[in-house]
Amino acid sequence: MEQETLKQIDALKAEIDGLKKRLTNVEGYNKDQLSIALVSGDLDKILAAMIISLAAAAMDTGVKLFFSFWSISALRDPKKKAQGKDFMSKMFGMMLPNGRNKLKLSKLNMAGAGPAMIKGLMKKQGVLSLEEMFKQAAELGIEITVCEMSMNLMGFKREELIDYPNLRYAGAATFVSDAGESSFQLFI
Amino acid sequence: MEQETLKQIDALKAEIDGLKKRLTNVEGYNKDQLSIALVSGDLDKILAAMIISLAAAAMDTGVKLFFSFWSISALRDPKKKAQGKDFMSKMFGMMLPNGRNKLKLSKLNMAGAGPAMIKGLMKKQGVLSLEEMFKQAAELGIEITVCEMSMNLMGFKREELIDYPNLRYAGAATFVSDAGESSFQLFI
Amino acid sequence: MEQETLKQIDALKAEIDGLKKRLTNVEGYNKDQLSIALVSGDLDKILAAMIISLAAAAMDTGVKLFFSFWSISALRDPKKKAQGKDFMSKMFGMMLPNGRNKLKLSKLNMAGAGPAMIKGLMKKQGVLSLEEMFKQAAELGIEITVCEMSMNLMGFKREELIDYPNLRYAGAATFVSDAGESSFQLFI
């Protein structure tokens, strides 16, 4: 009988080990973490991304932002200039908004009157400015990765982007890997 | 020997308790629930959001919608009027589509001919109208939360919005909290 | 005493069975799988979707794409023609981009100069063309489902779409079901 008991205990141990492995696997896809892939560079979309990110970070959720394509405009620092750009890169540089203060609205842009209205209203309502949102994001440890392929395509150089702690440059595989382990992902 | 057995059983109990805690944690991020943050107010985007939401609700998945920015146009009731609006609020009120029947397509809008075409085709194909989709959403218990900050920025008042059961007003933190416990999130 | 031991072992078994059920449930929402609902037909959005999908598939994550509304333009084969289309279907056919080589950028389209620029730069930087991305997607087993309702609304016929292995036609419920079991979902 006692041997029977020991056999049963061993069987339970094996079952528990199996559950542990399955659970570790599931936990791998479910860190308390939010990953956002940004593609749009519209003021309203960037605002939405930052508002959601700050709300998540304030709730102690890890936040990883991946800036690609048009969204990189929001990371340009108008006070910085890059040297040695070719013709195409200069074209993109001129045509795309130079920094977060130049972003356009996806609707009602009205040649810049719309963004001015929204910014005025945000100030009046006590909402943080985009400037302040990025500062707070840095303080809350929100991680920003910039899409290297987009940088190359549009001819942006690293020395043109804003100062942000631990700004990282990487490819889509990095976004996928971060997003895959997050419990929560968005495409903006 | 028997004491050894009891020790082993206690060890197993401790392991099981550890697994329970980890599992409860993972379950916390994985309710059978869909959370959508709506920012866009285009007819095609609102249609997509409602079609996905109704399909999910029909499969007994809980659905929570967070309407912000331009998407709030879809919740305006053209038959209702708010009093005491300031100049800016009146401007937004006039410039933005007044209700789900006035939404524009993101492409091929053609001054309203596109939406009319799509609505005609939907009717012909036996697809529910947006009107009917909201009615069904209410019946299926789909929860709608309206972004309070967007309401304030654009000067919309609660008395202008459609009648919908348990319409809730809250901030981005509420979306993040709902979305964080959902197994499935979208940004539209 | 021994009977007490057996009772304890039975209790542990019951607890383990309970955990198994809960874990199976959670695993049901967390396959190592990415589900994307595509609605946009802009070149930049389709590129983003394919780049993310290929990165995921390369990491052995299952990928399921659901093409709806405007995104179906990317699946049109300009070399194929469908017979017996009604007036509305012909209109849509003419107004929407005929295939992935005709897609427009959401910004800086400049009557086709923008897409040409981007494609030239992609080639120069050694990025795969959209053509090659679809080929690789097929090789990596990325599954494509086309929204049946959108096909009907816009009057597209199956014989007009590209050859792609196991191209499937289904409704939103299929997307929701695929996405619900995925660990990672995007709306593009």
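When the chains are written out, they are named A, B and C in that same order, and each has its own residue count from 1.
Assume a residue touches a chain if its C-beta (ideal position, glycine included) is under 8 Å from a C-beta of that chain, and two chains touch if they have at least 3 such contacts.
Every value quoted in this text rests on a predicted model; they were computed, and no experiment measured them.
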{"item": "Superposition rotation for subunit B onto subunit C, Cα-based, multiple of 5°", "value": "120"}
{"item": "Residue-number overlap at the subunit A/subunit C interface, same or different (half cut)", "value": "different"}
{"item": "Centroid distance [mean C-alpha coordinates] between subunit C and subunit A, Å", "value": "22"}
{"item": "Per-residue multi-chain contacts in subunit C, two or more chains", "value": "2, 5, 9, 12, 16, 19, 23, 26, 30, 185-187"}
{"item": "Residues of subunit A defined as touching subunit B within the complex", "value": "2, 5-6, 9, 12-13, 16, 19-20, 23, 26-27, 30, 32, 34, 44-45, 48, 51-52, 54-56, 58-59, 61, 106-108, 117-118, 121-122, 125, 127, 183-188"}
{"item": "Touching residues (chain side subunit A, partner subunit C) in the complex", "value": "1-2, 5, 8-9, 12, 15-16, 19, 22-23, 25-26, 29-30, 37, 39-41, 68-70, 88, 91, 95-96, 149, 152-154, 171-173, 175-177, 179-180, 182, 185-187"}
